[in-house]
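First the structure, in the form of structure tokens, and then the observations on it.
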Amino acid sequence: MKKIEAIIKPFKLEDVKEALVEAGIEGMTVSEVKGYGRQQGHSELYRGAEYIVEFIPKVKIEIVVSSDEYANKAIEAIKENAKTGKIGDGKIFVSDISKTIRIRTDEEDEEAL
Amino acid sequence: MEIKYIIDTLFALFAMTLIIFMVPGFAMLEAGLVRTKNVTAVLTVNVMIYAVASLAFMLIGYSLAFGSWDNDGMSKWAAFLFQMAFVGKTINIMSGGVSERARIIPLIFFTVIMAAIIYPLVVNVTWGANFLAGTALDISSMHDLAGCTVIHSTGAWALLAAILIIGPRRRRYGKDGKVRVIPASNIPLVVLGALLLWIGWFGFNGGSVGSISSKENADLVALTIMNTNTAGLAGAVIVALMMYLKYKKFDITMILNGALGGLVSVTAGADIFDMYAPIYIGAIGGVIVVYGVALFDKLKLDDPVGALSVHLLNGIWGTIAVALFASDISLWAQIKGILVVGIFAFTSSYVVIYVLNKFSPFRANDEEQLEGLDIEECGVEAYPEFKRTI
Amino acid sequence: MEIKYIIDTLFALFAMTLIIFMVPGFAMLEAGLVRTKNVTAVLTVNVMIYAVASLAFMLIGYSLAFGSWDNDGMSKWAAFLFQMAFVGKTINIMSGGVSERARIIPLIFFTVIMAAIIYPLVVNVTWGANFLAGTALDISSMHDLAGCTVIHSTGAWALLAAILIIGPRRRRYGKDGKVRVIPASNIPLVVLGALLLWIGWFGFNGGSVGSISSKENADLVALTIMNTNTAGLAGAVIVALMMYLKYKKFDITMILNGALGGLVSVTAGADIFDMYAPIYIGAIGGVIVVYGVALFDKLKLDDPVGALSVHLLNGIWGTIAVALFASDISLWAQIKGILVVGIFAFTSSYVVIYVLNKFSPFRANDEEQLEGLDIEECGVEAYPEFKRTI
Amino acid sequence: MEIKYIIDTLFALFAMTLIIFMVPGFAMLEAGLVRTKNVTAVLTVNVMIYAVASLAFMLIGYSLAFGSWDNDGMSKWAAFLFQMAFVGKTINIMSGGVSERARIIPLIFFTVIMAAIIYPLVVNVTWGANFLAGTALDISSMHDLAGCTVIHSTGAWALLAAILIIGPRRRRYGKDGKVRVIPASNIPLVVLGALLLWIGWFGFNGGSVGSISSKENADLVALTIMNTNTAGLAGAVIVALMMYLKYKKFDITMILNGALGGLVSVTAGADIFDMYAPIYIGAIGGVIVVYGVALFDKLKLDDPVGALSVHLLNGIWGTIAVALFASDISLWAQIKGILVVGIFAFTSSYVVIYVLNKFSPFRANDEEQLEGLDIEECGVEAYPEFKRTI
Amino acid sequence: MKKIEAIIKPFKLEDVKEALVEAGIEGMTVSEVKGYGRQQGHSELYRGAEYIVEFIPKVKIEIVVSSDEYANKAIEAIKENAKTGKIGDGKIFVSDISKTIRIRTDEEDEEAL
Amino acid sequence: MKKIEAIIKPFKLEDVKEALVEAGIEGMTVSEVKGYGRQQGHSELYRGAEYIVEFIPKVKIEIVVSSDEYANKAIEAIKENAKTGKIGDGKIFVSDISKTIRIRTDEEDEEAL
């Protein structure tokens, strides 16, 4: 099984989620993270003084899939829908998962996904 | 006579102070209703409106409206302060309805013109010097105690003009025509704001009686405040009932809009209704808000705070209601007032906003709206340490 | 005489307005004290109580309490408004103490009955028409300036009945008898609410003097407000000291409860104490709150806002304190008043809540409490964009 | 005469109530300006200041300041309440400027001494019994209507002393001399607080006229309130302009400081300016705040709420402005007043804080500051359910 | 070493944590996430209009253990205590960790856990 | 490719970030988490009653690097800068990543980092 982690721009989440669902991915877990990279943070003000906010809000999507086929589908869906072409679009990381369990049913691996 | 002068001055200062509580009132209400990324911007707009409108009214508008600063019944400074407390409200109504997308600079320009010219002209022909006196357009016989038409409708007509020119928020109406719901971000602020407005209304309507220094006037002021309150109560109750019947849930954002609708609807005639009429008037006001909000959404007129329903529809309804629920009020005089003020307020606002928009565009572009106006327009996040959910 | 009528009308309107600030006061206090998932629900309850109780009191309760709307000393509308400002408070006290688990619909039904019948009957026999006059139960000689017993205890007796019937919040008391602490979610709102209540108290107690239009009354009103304030100060200071001695920390949630306890405790006799008595009375009031909160938790009477300690214990203490700290007040008259009102308020509330509970259960079930009343009862999250921590 | 007594009592109670709204005003302003980990602590300090300072003033300070409680013009209780409403403000100014690092216990000790002795002595020689009368240091001819020097500067001199002794917040100034910006955590609270202060100022300055019960006084009170308001408007507008010119952005935290600076600057002479002078005075007050905030940061005087600029610089400016914009006011008398009060307030505060600091250190150590004062000093998190961002 | 990631219902965290501690797991890291899956989101209201909240609050627990034995213990503890039997109980994912370091002491791998 | 996950004390983030940037790590993703371990939580008050807050705020840094060399650099940077020597300094976990994609450019693996 593969785990796909994608760091994307927050406002792209809805499009990505819909594309994933269309691609047959039935479950995912998302969280709000902050990113640091080439994309520049913006400056803010407080009582007449400027400062830089370096960490930029991003959304992380985690998807575990049972097969390479699904992994590729998921990657494609994310790539297509998270892209704006501007710096900061984010990254996709793929790694291995050795076991999956659905807590409700005790089902394991493929059946749990 | 001196004692009357003293008491009415004190009374005007008391009423004025209550109205000034509407400044935080509007600010908190709107800060609670918009998304967290636009909170600082609406707060800034609210503060700037109070500052700029009051100064413009002091320097230009007040004389234009009333012809002179003289006053026999109370200190002229108190009389001014009471009137000054009104002017920002007209613009608050407008700015609230275009929040989350309107830039601050053009809003400030509009504030100057509204406070110095448009609103003073409306006051001139209704409560003031009346340069239309004797003409066919004379509407001074309209009974509008505290500005159902003069303030609420005027501000809301300006809002309608602004919405038509500025358009809806980014992605508010989908390509498929679907309406995307954008919920309020901070309900305690919404409730606090609405309740401060409610309290301010006591000063608004009660103070508009103009004097408390005779037995009759004392009764009139007290009755006015009571009727004002009653209509707010009725608006809240009826909307709560409607929400419960439809959803089995109490949608507080709508209930408060119902209360505010009730408060607007009684503003024209609170001094001449008996104590039961406001129940009906306010309840109808509440019903109007419920259908109005849905209607304007169907018309794709995007109004994040519901100001068109609360202030425009109920401004009209409340002005008409005077003729229906009080005796000796001409329905025609009321309608004529609504029309003259409406046409003037809408047209002049439309032209002003249209022209301003050419030089200093009102609408923040999609990218700026996405980022949020707080960072774009103010550089100040409202809640920088609070983690936002997606 | 006209001038007295005018001034007392203005004074009543001023006092009434201050009391209305207690509507946002209670709302913010409770919104700050409950968990974020129940914030919209308590806010909605607060707004609905104001709307429903005021209307019910206007249509039914006021006549029941006072026999007639007539008033010689001031505008009858002002007199009504002042009394109307009180009625919701009784129910606020009750609703606050059952928050985070009581459903809105039955609370609204109870509000109607409390505002239309129970509270008006209490007023009737104390400040009003007094249908018990001449009977053995006549308690009109109890000195209760602004409702230590009439309002605070009455509301809190109803709360006690409600807690007995509704039970504690889900998992508040572990199987092993352990008390689970459920902290407040928003301290700025708690402080804002408590301070608005404090300011409202000036109107509550000061206005209860009934007239300011003679030299004696002017002194009496000013002394009353001063004494009210002093007791609040003393309550806050003593509790701060107690918290510091115990924990070396200043627990602001308890300090504010101490201040409110002090304010309640002086409410019965603020007009007849000298300027030092409120220091003792309020300090004792604060101490009572500290021990009271712990006591009620030991009794497994779950009261998220501490209303039983603040309003019931101090309602009783304050009423007794009049006999101890002021001359010419009969201790027996005070105790009799406490007993008669207490038995009536508790029994009638118990019966009403018991019966209502059969038709429309007060208690949200465990799953609903887990999800939070905001979504279950209102469909509106209080802070939808703010990420909640676990 | 009785009617004057009554009306002035009512007026003083009205003004006092408005000033008490500054208690939540300061509390919300500061709670919004500090980081979330220090919110409960500043709120607790604000509540404790109100409680402790008021009691100390009642028991000791008031007699020290005025020599006696007697009053002919109004109820002596009302006169006391009005004065009592002032005392906490001096300390609020000081405590706000050392927030995020000053511990509560020593702040409370200082509150006692300030409210019982230092501030009363300042009042004594300016508005009160004047034990300096006839000496070379007599400054009673300084015109200071509502405490530009007596309150604002006094509090801010104490703050300056405190900052010098306590030092800046942890890591506020980097080793390389760089200033680390620490943004406000809750802008709606900042706006709410500032607007409540603004409203309170009407009572502060208007009430300081002392009587409304003659035609002249009614005019004077109304003019004073109008001028007060105008200066606040001008301060806000000018700072908005400056921020926009510099950053193309509207920094609301600075705009509000500008408004407050304007309000301070008009406090000494609002009763004797014509209606245009406050525009200039307030605008200059706003400019002073902008440069002042930057200046104090360069001097490494860490003042999280900007109190030195708002209250000290504008306290001085406002006192001088009286001589510049009103006739018949001696510039020397004003400067002498500033100097005498300044030297006394600074020196006495410095000594008191220095000595207190030996017994009960003011400064929370770095680790405590890192954890936040809420947990260290109060044990109560302000927003426990809200996830904090890094 | 194994990493166990569990997505569970938030109100089950306390029970799960206690069971893990009892099972000898001395450390864990938790975070608030949002889940999308078969469990339906609820509807909310705003000014008289309804909308659906699709992402459901969940808690993610991350535990790194030194051996399969501990991994199994942890999985058992989670499975037993996070179960309600209703849709949305969540998933457990297991993967490999190649190295662990305790920052305080520079200890590595088994010793760091 | 390696993924480095570090759980550190929040106030150390800035130092760690700067050290990572100096070590040539150009991107990272951080998130706010809660930790449970040997470090004791503090007690808080509510209306005169005490209770313990067991979960302690921590920050998690995730870095994906292309080589062991960079991995070691990153680990060193974190170890040095996150250390206070007191309990609760946190942990570093290293695992394998099989694929990386930069969404903006479709670049993969080394090129994507």
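For clarity, chains are labelled A, B, C, D, E and F in written order, and residue numbers in each chain start from 1.
Methods note: a contact is a pair of C-beta atoms (placed from the backbone, for glycine too) under 8 Å apart; a residue touches a chain by one contact, two chains touch by 3 or more.
Quick caveat: nothing in here was measured; it's all calculated off a predicted structure.
Enquirer: Give the fewest steps needed to get from subunit B to subunit D, where each step moves from one chain to a chain it touches.
Expert: Minimal hop count between subunit B and subunit D: 1.
Enquirer: From subunit E, how many touching-chain steps at minimum until you land on subunit F?
Expert: 1
Enquirer: Could you compare the number of C-beta pairs in contact for C-F with that for D-F and name the larger?
Expert: Looking at contacts between chains, C-F has the larger number.
Enquirer: How many Å are there between the centre of subunit A and the centre of subunit C, using C-alpha atoms for each centre?
Expert: 51
Enquirer: With chain centres defined as C-alpha means, what is the inter-centre distance between subunit C and subunit E in Å?
Expert: Computed value for the inter-centroid distance: 44 Å.
Enquirer: So, what's the distance in Å between the C-alpha centres of subunit D and subunit C?
Expert: 33
Enquirer: Two-or-more-chain contact residues of subunit C, please, as numbers and ranges.
Expert: As it turns out, subunit C has residues touching two or more other chains at 3, 7, 10, 14, 183-184, 186, 192, 247, 249, 251, 253, 378-381, 383-384, 386-390.
Enquirer: Touching two or more other chains, which residues of subunit F qualify?
Expert: Only 30-32, 34, 44-46, 50, 55, 95-96 qualify.
Enquirer: Who touches whom among the chains?
Expert: A-B, A-D, A-E, A-F, B-C, B-D, B-E, C-D, C-E, C-F, D-F, E-F
Enquirer: List the residues on subunit D that touch subunit A in their complex, please.
Expert: Residues in contact with subunit A: 179-184, 243, 246-247, 249, 251, 253-254, 257, 290, 293-294, 297, 306, 389-390.
Enquirer: Taking the touch rule as given, give the residues of subunit B at its contact with subunit C in the complex, in rising order.
Expert: 3, 7, 10-11, 14, 18, 35-36, 183-188, 191-192, 195-196, 198-199, 202, 206, 212-215, 217-219, 221-223, 225-226, 229-230, 232-234, 236-237, 240, 244, 247, 249-253, 255-256, 259, 275, 279, 383, 386-389
Enquirer: Given the complex with subunit D, which residues does subunit F contribute to the contact?
Expert: Checking each residue of subunit F against subunit D gives 10-11, 13, 30, 32, 42-46, 50, 57, 59.
Enquirer: What part of subunit D is in contact with subunit C in the complex they form?
Expert: For this pair, the touching residues of subunit D are 2-3, 5-7, 9-10, 12-14, 16-17, 20-21, 23-24, 27-28, 31-32, 39-40, 43-44, 46-48, 50-52, 54-55, 58, 74-78, 80-81, 84, 104-105, 186, 189, 192, 377-388.
Enquirer: Which of the residues in subunit E come into contact with subunit A in the complex?
Expert: 2, 6-8, 31-38, 54-55, 58, 60, 75, 78-79, 82-96
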